[in-house]
Structures are given as C-alpha cells and as structure tokens.
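Per-chain residue numbering starts at 1, and chain names A, B, C and D are given in the order in which the chains are listed.
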Amino acid sequence: MQLGMVGLGKMGANMTQRLIEDGHEVVVTDLIPLAIEEAVKDGATGAEDLATLVKKLDAPRAVWVMVPAGVPTQSTIDELANLLEAGDIIINGGNSYYKDAIIQAEQLGKKGLHLVDVGTSGGVWGLKEGYSMMIGGEKEIVDHLSPIFETLAPAADKGWGYVGSSGAGHFVKMIHNGIEYGMMQAYAEGFSIMKQKPEYDIDLAEVSRIWQDGSVVRSWLLDLMKEAFDVDQDFEDIVGYVNDSGEGRWTVFEAIDLNVSAPVITESLLRRIRSREEGYTDKLLSVMRNQFGGHKMMKEEDE
Amino acid sequence: MQLGMVGLGKMGANMTQRLIEDGHEVVVTDLIPLAIEEAVKDGATGAEDLATLVKKLDAPRAVWVMVPAGVPTQSTIDELANLLEAGDIIINGGNSYYKDAIIQAEQLGKKGLHLVDVGTSGGVWGLKEGYSMMIGGEKEIVDHLSPIFETLAPAADKGWGYVGSSGAGHFVKMIHNGIEYGMMQAYAEGFSIMKQKPEYDIDLAEVSRIWQDGSVVRSWLLDLMKEAFDVDQDFEDIVGYVNDSGEGRWTVFEAIDLNVSAPVITESLLRRIRSREEGYTDKLLSVMRNQFGGHKMMKEEDE
Amino acid sequence: MQLGMVGLGKMGANMTQRLIEDGHEVVVTDLIPLAIEEAVKDGATGAEDLATLVKKLDAPRAVWVMVPAGVPTQSTIDELANLLEAGDIIINGGNSYYKDAIIQAEQLGKKGLHLVDVGTSGGVWGLKEGYSMMIGGEKEIVDHLSPIFETLAPAADKGWGYVGSSGAGHFVKMIHNGIEYGMMQAYAEGFSIMKQKPEYDIDLAEVSRIWQDGSVVRSWLLDLMKEAFDVDQDFEDIVGYVNDSGEGRWTVFEAIDLNVSAPVITESLLRRIRSREEGYTDKLLSVMRNQFGGHKMMKEEDE
Amino acid sequence: MQLGMVGLGKMGANMTQRLIEDGHEVVVTDLIPLAIEEAVKDGATGAEDLATLVKKLDAPRAVWVMVPAGVPTQSTIDELANLLEAGDIIINGGNSYYKDAIIQAEQLGKKGLHLVDVGTSGGVWGLKEGYSMMIGGEKEIVDHLSPIFETLAPAADKGWGYVGSSGAGHFVKMIHNGIEYGMMQAYAEGFSIMKQKPEYDIDLAEVSRIWQDGSVVRSWLLDLMKEAFDVDQDFEDIVGYVNDSGEGRWTVFEAIDLNVSAPVITESLLRRIRSREEGYTDKLLSVMRNQFGGHKMMKEEDE
C-alpha cells in the first residue's frame, strides 16, 4: 500500500527500504535533501517538504512520523494536522511519552484525523532481523494499516501486534525499555562479579557461549554480550558513563503512580544516574564519618 | 564411556537416559529401589549401594553425584572417597556452594582422587533441549570426561565448557542464578505495571508474543512467560510466596565480599525474602507515623 | 501582629492558640462553625467565611491558609485572590507541591499580592515543643511576618528560617520528608532484625533507651520509638499497611529529574508501596519458577 | 573498682582517663611504651606486658581488651586465657563480629573464665559526652562490673544496658551501625538533592539549623552536619570514597540469614562499595547499549 514517511534517519531509512523491497509505495521527506536522494535511489518517491508529501499521497493518506521524540515529533504532527484532511492517518513512530499520544489522538480526532502510536524495538538490527512493533490506537485503523506492519514486522515472526487504545503502543514500549534496563543491569552485575574473582580468571566469552543454549538466562542480549566479549573483556578505553533515554525514568514514574513497587527497574535507572554523578552524596558520607568517628577523609592530594 | 550415577531424581534420571541413548554405559544407584529398576529398564546397570556401584566400574572410575546439595552430597562424597582408589574421579553435579567444591577437591586430592564440579542449568527442560554445563576442576580430567559432557550438553549447541579450577563450575552456576533472579524480577515488575494499568486492559500473552521476536528483551524466560500467560493472566489461586534456593544469596554475599555493588541482583533476593515476611518492619513504620504525626494505624479489625 | 487563619484543623487550631497566647490578634474561619467557636473561646476573632475574614483584617492583610493540600488549598487561594487587595499577603502553609507555590506566587504577583510558602514539621507535637518552619518567598515579605514566625517557631530554638524564593519552603519540607522516610525505614529494619533473632530475646525498649544518649543513632524518632516499645513490642493488632503522603514520591521524582541517585529514599518509598500491594509481581515469580524449574507453586489451598 | 586495660588507642586512653577521674584503679598496658607513660601521668598503673598486668591485679580480675578487632583482639584474648585463673573476667570491647564473642565465651568458659562483650558507640565524642554501651554475657558478671559501666556510660544518662547472653552486646552494636549507615545515606541523599537544585541556591547550614529543633529529622548526626556545613558546603577537596568498617556488611548478611528484607541498610552498604569501584559494571552497560542500539560509547579520549 501507499505510505508517507517523514524522517529518514537510521530507523526511517531502514524502514523505507524494507517497505519498498516488499512492494509498497513510499513517499518520503527529510530536512536533509541528501537523505531524500538516497531513498529515491532505493525506489522511494521524494518530496521536498511536508506539504508536497501530502499532495503526492492519495486519500485516505497514511503518514509515518519517524523524527526524534519531543518537540520535533510534536511540531511535525501539528503541521501535518493542518495539511491532512478528515479520514487521514498519522503514525507516531518515535519513542514518545505515551501520554503525548493520548493528547495528540484527542486533538487530531477533533479534525477527523486518526493517530496510531507505534513503539518499535529492534534498533539497528531491525532492517536485517525485522522489528518488534507494539501498536496502539483505533483497532480498525490499525487493521487498515496491517500490510505495512506485516512488511516491517511479520506476524508470522511474532513481529507486531495491537495492544490497546491510543498511547498503548508507546506505553508497552516504555515498559519494554524498563525491563531492558533491569535485564542489562542483571547481566552487567553478574559478569562484573566474575571479572572481579581473581582466583578463577574466568573467560567471559566462554561463559556467555555456554549460557547461550540450554541455560535459563539465554537471551538476545546475552548473544550480543558474547560477541562483545569475543573482541575484548577489559574495555579499558570505555568510560563507564551510561545515558538513559527517557523510557526508563517514565517507567519508574509510572510504577510509582500506579502504586506498583518495582525495585529492580528503579535501581537500574538509579545506577545509570550514579554513573554520571560527581559524587557529592559520597563526599557528605565521608564528612559525616569524619565528624563523628574521626575517620580520615580521603582528599584530592591523597589520590 | 562408562559412568557411575548416584542419585536418580528428576535430573539424575534424565541424564542417565540421555547417556544411555547415546551409547554410554551407566551404572546407577539410588536410595529408592524403584528408581533403580526404572533406570535398568532404560538400559542402565543397577547397583544396590555405593560399594556395589564402585565394584561394577572399571578403573579409572568416574562417578557422578547427583543428590541434593549440602549434607547428602557431602556424605555421598565422603563415602565414595573411602571406596574409590587413586586416579578415580568424582563429579559433584549438585547446586552446591562453590567453596565446598574447593575444600572437597583438596581433601580428595590427598588420596589421589579427582573432583570435577559441574553447574547445570536447564532444569526440567534439559532432557529434551540439552543442558548448559559449567565445569570446574583439573583441565585434563575434564578433557577425559568430555564424551560424557558432549552427550549431555553438546558443544555444537554451545552446551558445555571448562571455566576454571576447582569450584569454578559451581561459582559460574551461582552467578548464573543471580542473574536469573534479576531477569525474573525485571520481567515480573514490567508485566505487573502493565497489569495495573486499567485504562488499557493489556493482554500480557499478546505483548509477550510481540516481544518474542525482534525485541531487545527476547529470551527463553520470556518464551516461558508467554506460555503461562496463554493459560492464565490473573493467577488468583497462586500465592505470591517466592522461595530462594541458596545461589541467589550466595551471589549477594560474594558480590559484597568482592566489593562489587550489585543492586539489582540484591534487590531481587530481598524482594523474594519480603514475599515471605509477616511485615514487622511495616508495622514499625505504622507505629512511628502514628507517634510523630498522629496518623491513624490500620488495625486488624479495620481490614 | 494581626493575622487571618483559614482552617482550624489540628495544625491550624494549635497555631492559632500559640499565636493568641503570645499576644497576636488572630481572625479565624473554618467550614465547621464549632471549630470557629472553639477558637473564639481561646481569644480569636471569628469570621463566618473568607469574605468576612478579609473585612475584619487591616491592610496590608496577612492570611495563613492551613487547609488540606491540593484542591482545598488551591481553591482557597483563588477565592482569597479575589477578596484581597494589592500589598496583601497569603501564606500557603500546607504540605503542597512546591511547584504549585511557584505558579501561585506568579499569578498572585500579577495582582500585587504576595505569596509566602511555609513547610512545617513537628506535627502534633508542635503546640508543646514548637514547630520547625522552612519559609520561601520574597525575603522582605518574610521579614515583615517575622513576629508570627518567632511565636510559632522561635529562632532561638532554631525554629524557623528563610530558605529561598517562592516554593523553596515547600521544597525543603519535601526533602525533609524524604529524609524522614529513609530514617524511619533504617530504624524499622534494624529493630526488625533484632526482633527476628530468637537467640537473644532482645528488649527493644532497653536497646532504644541505651541508644538515646551517646550513640551515633540518637534522634527524636528514636525517642518516639522508645516510648512505643515501652508499651508494646509485638504490635500484633497493627496491620503493616503504610501510607505515603506525597512528599516522599515528590522527592523521588525530583531526585531523578535532577539526576541525583537517591537509592535509600527511593527504596523507602517502594517499601511503603509494597506494604499495600497484593503481590502480583510475586505471583509472576512463582509462575516463572514453576515454568522453568518445575518448582512447586504455593496455592491458596496450601496456606 | 580495679580494672586492667589492654590497648591505649584513642578509645582505650579516653576510657582509662574517665575511669581514673571517677576514682577507679586502672592497670594499663600497650605495645607502645609512650602510651603507657601517658596513662601513668594521668594516674594509671603501668604494666610492660600482659603477664605483668595480670600480676598487678587482684583476683577476681577484670581485664578490658580494647585493641583492634580481628586478629589483635583474638590473640590478646588467647594470651590472657593462659595468664588468668578461674573466676577472672575478660571484656571484649572492640567492634568484633558477634559470633566471635559466642565462641570466645564458650572456650573461656571451659577454663572457668567469663567473657563480657561490649559494643560501644560514641566514638571520639565519648570522653566528653559519655559513651553508649550495649553489653552481653552472663547477667551476674555484668552486674559485678556495673561500677565500671556506670562511670563510662552513666545509666542516668541512658548510657549502658545489658542486652542478652554472650555476643548480644556486639550484635546490638552491629545493628546500631547498620541503622547508622541508613541514616547517613538518607541525610546525604536529601542534602545532595538540595545542593543540585540551582534555582534556590539553598544554604545547607541554614536548613540544618532550622531542622535541629522541632523537626521530625532532628538527630545528633544532623547536629554534626550543621557544624560541617557551617565551615564548607562544597567539599571540593574531599574525595567521595567511603569506607565501610565491617558492621554494615555483617548487618546485611545477618538480615539475609534471618530472612528479614532490609533494603535501606543494604543499599547504604552497596552505595559505599560503589563509591570505591572503578565502574566495570557501567562499562558493560555502555557496551551493551552500543551493541543493540548503536548508542555511542564515551571513550577515554572524549572526556
């Protein structure tokens, strides 16, 4: 079927390529002309801006917005809302906050427009391995778009599914990332303990290999760690500075709002925050120990 | 090759069957005569006790001890130590504490006996899917036993591997279980948050299905959850009382001893402990709130 | 000096009494006429509603709003904003979210009104022992009100202080409560461990007594626990169901927003949430253990 | 009464001085002759070694061992066990593991000797403010020593108390320190959050002052923080490297052994461990994010 694609970054370009290869017609735009040119070479129809893109699509139109979450996504949706007409569909495909999708759907609905929110996992591997897509919105609109989802994330491969009304797609993707934080931290801790056990000089690549088949902890993340450990196990040049992208903290806030205690997902987030801190809290502990017990504080010149 | 198997519980019986099917000769014993009979039906040679089992094996003997960890394993090894002769091998296959294996290896070594410690993951699924085996001890002894390991956990399937000197097999299995605790808790928290979101009435089986392929959190544990959710998602008759089997707390102790902070594995253990508590700590919080703020305490009769 | 007091609950009534005893003139109102009558008996001037209260005060007026946080406080402030005139002062004395005070101050400022936000600790003990007051707003307005604060929380007793611009009073009170959560949980855990040590049959009242003087953990909270333990140490009729009042979760959100990792305050909140949960997360853990390891799940009928 | 004091470090010397000032007769020894000379100047009787010290005491002797925990304490007790005679008393006053005291008491008991274990809080402030002493052992032996305890930690000041059989003194002191970890971390987190709130430029000394009287979080630790904040609030030259002395981790182990979930005391310990780590766990998280999402890893040269 026909689809407009706004945003040709890593994800948008990969998805466009996959769609074209499967016979869909994709009209694309991006702020960077070169990105449009590349997609056109692959078989896409180029459009220099949103207005042109909308004109090149037949009603009822479907436009996939795949630009960074937050202001870029919101302003793209706002502009599309003015260009599209009743019955058209906007697909919010970024890692947006699910509450934004609820508001967007409500506002677009007043104009007769439909919003579908898609949470996508699979990252840079999606082009090759297929994506995992959690989809929210009106059920019949999602059904209408199913040829697109079937191409990007074939259901036979358990790739896509409808999870609920507006926002549900981003909500489930948010939880997905919260779980991901917890799993990553669990693996990282376990391998760290092994690394710190000098008696055994454990080969972490070998342990990962053994665990890859038959063990309870086998997973795709473990497969990736195995590949990394095959190359290096010391990571001396890597700085232990870990970013978080939003979904983790949204999950923590959501859990507290819903009165669900989620210590592991929460600690995973706090640990990432800690990796970026300068340690004022620790300084205060040193100061207190010195105050009440006369314990020596380590000072800069001691290091 | 020839192997003695002591203990025909779920694991020992499955392993015996797998070995026989692959052409090995297995002499078995167990405290329950019926268990021996069953194995004999499958092609094993039965032995009524440890002394008989030892007599039926050719030197250098290899005896796999697959009885419950702790006292049963220790007393079996002690008895075997008196029956075996220099050059023979004992395989400690239970979920024992790795420090026990270090001591056992040292003591058996004085008599010329060898100890190999094997940590096995795969549980009840191992017969069908093959085990994941982490193996510690003297490298050449482990090499000698490789036909056995190849049958139980084919290396082509990434099934077994040598991880270090005595105790290393159980050490790595201990860490495996620590990671398992963290992963389980991460999934449980994530699904709990979704379950508590009434706006969406999310189908947890459908979410699991979508995540099974392409998502970052795909894993064998997730596959199992999918199967459970297909049957039920409320679990009204299940009590939220979660046991821990030892390896989790050993991992937590080890991390602290090695000065590795492992908050996620630790919180996973504490959460299990909490599931079994009667809540004295919480009562104290209620009492304190009442003392300083006049906040009403909920009493038994209020419930 | 002269002050209007809106809200004669536990806190408002106590403060009114303290102010009158120290020679201030207090005009009071409350939704419950009886509460007004009681205050009048103590020497206050009664007013049947906000409009009357405002009329009975001389410009520039100062009105202390001491009604429940949230909607009641907001609607009272909104109504007062219409009744007061430029130069008048509203004191927001409830446990409100500090961001509300920032918005309120901005909106009132457009009409020439001033907002002072006061976070008060001391609870039911304040009448007798004096309050601890953290005050935010315009410095000169706070200075103007200092006779009031001096009565309620004498500076000689380290009772009150100016902590910053609008919202700072409630912000510091919020953090105070976050710390309080952590301290309470630390004590509760420590006493719980002692309670669970059957070998020693430790008298928790005696331990509290010993710690009250000279120990590093001495505090007012400990004094309160001592008093509670003198009466009972089993609390068999108390349900371990612990509420949280808002400030704790706001502190957790704030820490994450500011990228400060605060595991202890966070865990204290999660533990309270856990005390009120039905245990779906734990059920999922039981189900998973059963799925991969064949571990028996405890069912309702087993209990 | 008469007492032998072994070990004239900070604590031992202070206690000796306090005892002499209150009229007790103290025979002292130490590995450093100068320390003995100092005590003799204060009025103590010097002894060049343990044998001499024992000779200078009248039966039934009471000898306070105030040397570092672990090997020094154990070897001193072993040597004293050979020098003393039935009916004599050894006081283990260090921060020893409570299980050691149980074993020591049992072994000394076979020779008719008595062990009393004393956990002491109050640190460097004890000489001036009096100690807080938790005492374990045989009740009648503790009663016999009460004049000593009355001097060091007057009961009128809630200073000392009997808490149970052998080991109970050190057990309660261990829990005391666990709680102390939690309280310190709670304060440190709260002040850190305030420090990171640039909008308010909060004066932490002023906040501490306000909280010192009337607030729920008032405590001796807060008094100490106030004094530290009066001098500095940035601590730029202090390294956030926080030691732990043993009791904290013993408390965590004990809680797990007793199946009491104590997340706050546990997290306080983990946070201290984290302050001393080099961040291998965080490096692994960075590597994983790079593997699955193509997220850029920060490298040494980027800093």
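Throughout what follows, a residue touches a chain if its C-beta (ideal position, glycine included) is under 8 Å from a C-beta of that chain, and two chains touch if they have at least 3 such contacts.
Here the structure is a predicted model, which means the values were calculated and not measured.
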Chains adjacent to subunit A and to subunit D under the stated definition are B, C
By C-beta contact count, C-D versus B-C, the higher one is C-D
Subunit C and subunit D have mean C-alpha positions lying a whole-number Å distance apart equal to 34
Rounded to the nearest Å, the gap separating the Cα centres of subunit B and subunit D is 39
Expressed in whole Å, how far the mean CA point of subunit B lies from that of subunit C is 48
Going by residue number, subunit C touches two or more other chains at 123, 125, 185, 187, 189, 192, 196, 216, 220-221, 259-260, 262-263, 267, 270-271, 274, 281, 292-293
In the complex, the residues of subunit B that touch subunit D are 216, 249, 252-253, 256, 259-263, 266-267, 269-271, 273-274, 276-277, 281, 292-293
Seen from subunit C, its contact residues with subunit B in the complex are 10, 123-125, 184-185, 187-189, 191-192, 195-196, 220-221, 224-225, 227-228, 235-243, 263, 271-272, 274-275, 278-289, 291-295, 297-303
Touching subunit A in the complex, subunit B uses residues 121-123, 125-126, 129-134, 136, 153, 157-165, 167-168, 171-172, 175-183, 185-187, 189-190, 192-194, 196-197, 199-203, 206-207, 209-222, 251, 254-255, 258-260, 262-265, 267-268, 270-271
